[in-house]
Amino acid sequence: MNMLGNILNYQHFPIYAIMVLFLGSFLIAAFGENRAVRNVLALLSITAALGFAVALVKPVLLEGEIISYWMGAREPAGGYAIGIALEVDALSLFFALLVATAVFVSGVYSIQYMNRDHNEKEYYTLYLLLCGGVMGMVLSGDLFNMFIMVEILTFAAVALTAFRNTVRGAVEAAFKYLVVGCMGSTCILVGTAILYAQTHTLNLAQLAQLVPGEVNTATKLAFALLFVGFGTKAFIVPFHPLAADAHGAAPASISVIISGVLTKSGIYGIIRITYFLFQSMGLGTVQFLLVFIGSLSMFVCVTMALAQHDFKRLLAFHSISQIGYVLTAVGLCTALGVSAGLYHAINHTLFKGLLFLAAGAVLHETGTTDLNKLGGLAKKMPHTTVLFLIGAFSISGVPPFNGFASKWMIYQASYQKAVESGNIGFLLVTIIALVTSVLTLASFVKVSHSVFFGQLPPELENVREVSWGMRFAMGIFALLCIITGLFPNLVTAYLTEPAAAAVFSVKPYIEAMGFDGSAAAALEGGSFQCVGAWDPVSWLLVLCIALLAITIVAVAGKYDNVSRCRLSTVEDKYQLFYGGEKQELSQLGGDDLFWGFKHNWRAYFNYMHRLHSGIVNDYALWAVVDLALVTLFSLIVL
Amino acid sequence: MILLNYIAAFFLIGLGMYAIVTKYNLVKTVIGLSIADYGVNLLLISIGFNPGGTAPIFTWSELDYNSFFVDPVPQALTLTSIVIGACVTAMSLALVIKLEEQYGTIDTRQIRRLRG
Amino acid sequence: MTIVIEALQYLGYVLIFPGFLFCFLAGMLLCGIDRKLVAKMQKRVGPPVLQPFYDFFKLCGKETIVPAAAERITFMLSPLVGLAALVVIQLFIPVFGFTAFSGIGDIIVILYLLLVPALAMILGGAASGSPYAGVGLSREMVTIISCELPLVLVLLAVAKTVGSAIGTGLCFSLSEIAEYQLVNGSLITKISMLPAAAAMLLIIPGETGNHPFDAAEAETEICEGMLAEYSGAPLGVFKLSHAVKMLSLTSLFVALFLGGLGTGIMALDALLLFVLCALITAASISFVHAFTARLKIEQIFKYYWTVVSLLALISLVLAWYGL
Amino acid sequence: MFKKLIEESTGKSPWLFHINAGSCNGCDIELVSVLTPRYDAERLGFKLAGSPRHADIVVVTGPVTKQSLPRVLRAISQVPEPRCIVTMGSCPQSGNVFRGSYSVAGPLSKYVDVDVDVAGCAPKPEAIIDGLALAAKILKEKRGRKK
Amino acid sequence: MDFPFMKEALSQLFSKSSCAMYPAVPSEAAPGYRGRIIYHPERCIACGMCERVCSGNAITRTVEHLEEGQDKITLTFNLGSCTFCATCADFCAKQAIEFTGDYHMVATKEEDLLVSGSFIKAAPKKKAPAADKSQGCQAPASGGPTVKPRDDGKPVNDPARCVYCTLCARKCPVQALTVDRAAKTWTLDEDKCIACGSCAQACPKNCIII
């Protein structure tokens, strides 16, 4: 009894959450020949991981406890951490929850999405490895373990990118991802090694205790290496082409993990090294670094997305654009900013997951994601369309969906930062963020027009709605999108604020592991205070009343005086009006829909097109140049 | 002496990066990755090296404050890193084979269907 | 009991005063005045001021044809959603001192809500399946992108000016802006706000899709773009939305720059608001309409991102340095 | 009340859709001149609509060539009820000088019920206004008959 | 940017519009406007010239045989097919077709656009309806005619000037003239001739005298 109680002690839950995923992976590799066994094993392990993560909400997020867990109970000896540790504070758990949710939904979706592929066994093995890697990384309390987990997830992600190796460009994308990803991993390892050489510890808490006191050339170099390494995982500029390539080729369920979870692990790493290890966020210059790269990612990727004509590739660029929002907000280093950034991280996982799943549904039914070949699917796939629209509205920040709530906070945070610091540069960030949001809307208008609305090409006449399992998975994301959009107060109060508070409380983080945290720099995030007002529930209520009133009036005014075609052959009256031949398909291609915008920016777009050459050496060069610049930057300012 | 190790380690890493950036042959790219990896391994080992230390093999009772040995942690790290390096090489070579099958070339300048 | 009365009061806000009925009457009248004024400026007599009402009711009596290629639900629902969103915007915009719903929205919410009617129109057009709608929505979206930057700059400039005046650094709440103006006089009296007001005047026709920025609804080139397949009552609702959008934007202008003119008596305020809206319509929509030709879409974009944005930026920089 | 408003308004805001079915452009120009400051049909509520879906009155000019016939009929069928068809100029009524040509399928009245004929080659703008006013009246009657 | 009409627009706001308030204020057609056709059957001699020159095929002539050799001749002008070119009026020797300034040619039925009239024509008689002689006939050329005109309104040829071009024979609606170029003869079938005067109008040398 006591033993059972000991096993079920929530102190053990973090390691359980990681282990069930890895265990599921190995079990599937061993016994996964049978389809039913495989599915049950996969579902069990992802559900268990989600359950363990949710069970930790009460102690960690609500009560503010920091779980420190030493593997094999090897507590620190002589003031030095010897054992391998897990440390779960609100920030870790926040990301773990995101991971668990995304993994769960994507897993449910996979079961029917992957049913036409061969080698499902390998798929689930790799899938659970990937998930376990991310989960392990965000819960780890040890820098080297973070590296190991990063390697595992990179490997699994690369293998899964190339999983459908007959898809155009899949192997190519995987190779590019592998090369640049390994360069990033190498950077992390070298950074870890340097930190170890300086401090003789790998424990995050102890590093946080020791590193800030030991700022020299070597640790500055380590900062740059770690920053670039985790940047590779988050695909922030200049690593964004990899994300685009990988997403385009990977199965949709993997894209969800790569964009919703893997990038978050990069962001998590960046938060850990900037706020905790080096505690350098008090410096305006480091804030500048994060905000600059964030804004750059935001804008460059959204413009790149406008020029795409592949559904998933477009979504991939948007994914990085939204990661730019997160990084920018986190880089503001205010309570509102960090909270907004984390909020946007949740939302990004949800809506981007939803969108990728919708893209996957389209791919599953039509066999293509080329915007120029699709159209009019709303009549064939009505539920997918509605779910996609929820995702599209969310990402473009249409009230009352969740994207608006977090973007609204980001604008306020950046503008407030600009006013408080008197730095007009932050004002530019607000403006870029607002404009980016509109451009995001534009490209989703493009997608919805060229995929779901418009005319149906004749070869898609036999398309059917996807199976209920896939719709169910998308429905979960859509529901979460709406809930997080409608109750921003709850989300901030119970999820992001504790996490943001954890970001600003380095001292408890160090002390929870039994080290001396008195020397930790006390970063002050300021109070969490919105300058505007936004109450989505009341707003929605008002909108509904208005809509209802208008509908009643409209119906009274013969709004329903509708005639529509009920015959199988379409009469002239119900044909579209245009001056061409009767049966001509005149769907507008998605390729160049916003010509009026791109025309004025053609020099920029042409330049960007040339720059993203697709040659792996170029991307490697960007990585090296980025590393060199960040190194130079950190050597000068840190 | 140990300084030479550090210099060599960073030289190897730099060499690997140089190969990745400038060589258009996929196999050479993979070699570059491996070289960089060896550089990291060398770096790790050098960090743990204490001149004159013994092998870090003790039982609990043998351990006291006078024992002088090389740091075992970087050695463990190195082992992990070597394993990972081998994985990278294996995986990337597998991908190179697939690429050669699909594209008929191993020149990176021609493997660029995904661009823009 | 008080809850019932309060609920009725809010229902009254939604349905009658700044809500639906007011929007309907004032918007349509503004539209009529605009058409009359343009006609006058072009040496014509012009339609009667009540003409938009005639148009609307006539369209209500017409048959509504749903094309076979259209997605019916989106096609029928989007006009209503667009109109409802506009009515809600009107509820958020203060009428001098009075705001129907002050605590649930601010400048940025307004900025985004203004996207909703356009988005509804875009989705409705896309759902109709018409290629003209495709061209129209592309142009509409570019027009939105064009207007967004200057509009953002204007709103931020106002937020900064009011915020630094009331000591919080910045102020996104519209009702606070309105209160500030009631106490300290209209913002347009400040030098720093003059370029912003000018920019806003230029933004209004672009946002409402009026001449010369109506490339998206060019009836002679692309058959009214997104509306090409609409007929009957839904078309009437879209025309109504257009009229209400004119009201929303002009009353936003009043709320941002002329908020100090309020008298405190609600009926009088409503009348004053309408008169001011009509004046702004005359200045920014009708007058520009009368002597310009329709711009091409890339010209619209260029114009807004250079001339108008520059005006707004000047204002923002002036506000930043406290002028 | 609503019904009455609708009925009252129907005659006051007729929107035109103009179809050129092979016209020589004379009538088209005259139709446009009706909207100029000199005649300003807008003061009577007339407006040129861009799409047949918006229109109440279809104005057809030209002798209805064989090439244009299916498109003319399609466009006319796409006009929502109640609608009114006006032939303008002599061509759509009879074919005029093009009558008997191998490429002319007219007159229009062979295919659809024409409500109002405006004769003239091209008609004087005043005549067009007369014709349109008559069409508006017919429109109102049709609306009244329907309910 | 240049707005040439900005001031104009402002100034127009306060001045009177240039509208012709048409339905309220009636408007007259300009002089010379060719509007609704008026047909005078009493002047018509059914020569059919108008029908032949009409490009729009707007004129139809129906002949109804009555007893006593009389024909009831009906001319119908379809305004819905008319180009209002007035060629028929120009060609009408008897001024039976008149174009008025009435432009209100709006109809809901096609029959409303028909202008028709009929008259009864007796069998060939000595007397033809009196017509204004000074009009249809060209002024004599200098030198004067060498033949005298007949009194029944039928043509006489002046062989001194005739070049036998056959234009008169071609223009004759009833084929009453025979002209032989080779033999240089001009013969009139007096029974067929209806004294319409078309030959005289067609003659380039003004050698036919009526």
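Each chain gets a letter, A, B, C, D and E, in the order it is written, and its residues are counted from 1.
As a convention for this text, a contact is a pair of C-beta atoms (placed from the backbone, for glycine too) under 8 Å apart; a residue touches a chain by one contact, two chains touch by 3 or more.
The structure presented is a predicted model; accordingly, all values stated were derived computationally and were not measured.
Visitor: What are the chains that chain D and chain E both touch?
Guide: C
Visitor: For chain A and chain D, which third chains touch each of them?
Guide: C
Visitor: Specify the chain with the shortest distance from its C-alpha centroid to the centroid of every protein C-alpha atom present.
Guide: C
Visitor: I'd like the Å distance between the centres of chain A and chain E, where a centre is the mean of that chain's Cα atoms.
Guide: Taking the average C-alpha coordinate of chain A and of chain E, the gap between them is 87 Å.
Visitor: So, what's the distance in Å between the C-alpha centres of chain D and chain B?
Guide: Chain B and chain D have C-alpha centres separated by 82 Å.
Visitor: Which integer distance in Å separates the CA centroid of chain A from that of chain C?
Guide: 35
Visitor: Rounded to a whole Å, what is the gap between the Cα centroids of chain C and chain E?
Guide: Centre-to-centre distance between chain C and chain E: 64 Å.
Visitor: Among the residues of chain B, which are close enough to touch at least two other chains?
Guide: Counting only residues that touch two or more other chains, chain B contributes none.
Visitor: Out of chain E, which residues touch more than one other chain, so two or more?
Guide: 17-19, 21
Visitor: Which chain A residues sit where two or more other chains touch them?
Guide: Within chain A, the residues that touch at least two other chains are 557-558, 573, 575, 577.
Visitor: Could you run through all the chain pairs that touch each other?
Guide: Final set of chain pairs in contact is A-B, A-C, A-D, C-D, C-E, D-E.
Visitor: For the complex, which residues does chain A have touching chain D?
Guide: Of all residues in chain A, those touching chain D are 556-558, 571-573, 575, 577, 579, 582.
Visitor: Which of the residues in chain A come into contact with chain B in the complex?
Guide: My answer: residues 144, 148, 151, 155, 158-159, 162, 165, 168-169, 171-176, 178-179, 182-183, 185-186, 189-190, 192-193, 196-197, 200, 202, 244-245, 248-249, 307-308, 313, 609, 612-617, 620-621, 624.
Visitor: Which residues of chain B touch chain A in the complex?
Guide: Residues 13, 17, 20-24, 26, 29, 33, 36-37, 40, 43-44, 47, 71, 73-74, 77, 80-81, 84, 87-88, 91-92, 95-96, 98-99, 102-103, 108-109, 111-116.
Visitor: Within their complex, state which residues of chain D touch chain A.
Guide: Those residues of chain D that touch chain A are 2, 6, 51-53, 70-71, 73-75, 77-78.
Visitor: Contact residues on chain E for chain C in the complex?
Guide: It is residues 3-6, 8-10, 12-13, 15, 17-19, 21 of chain E that touch chain C.
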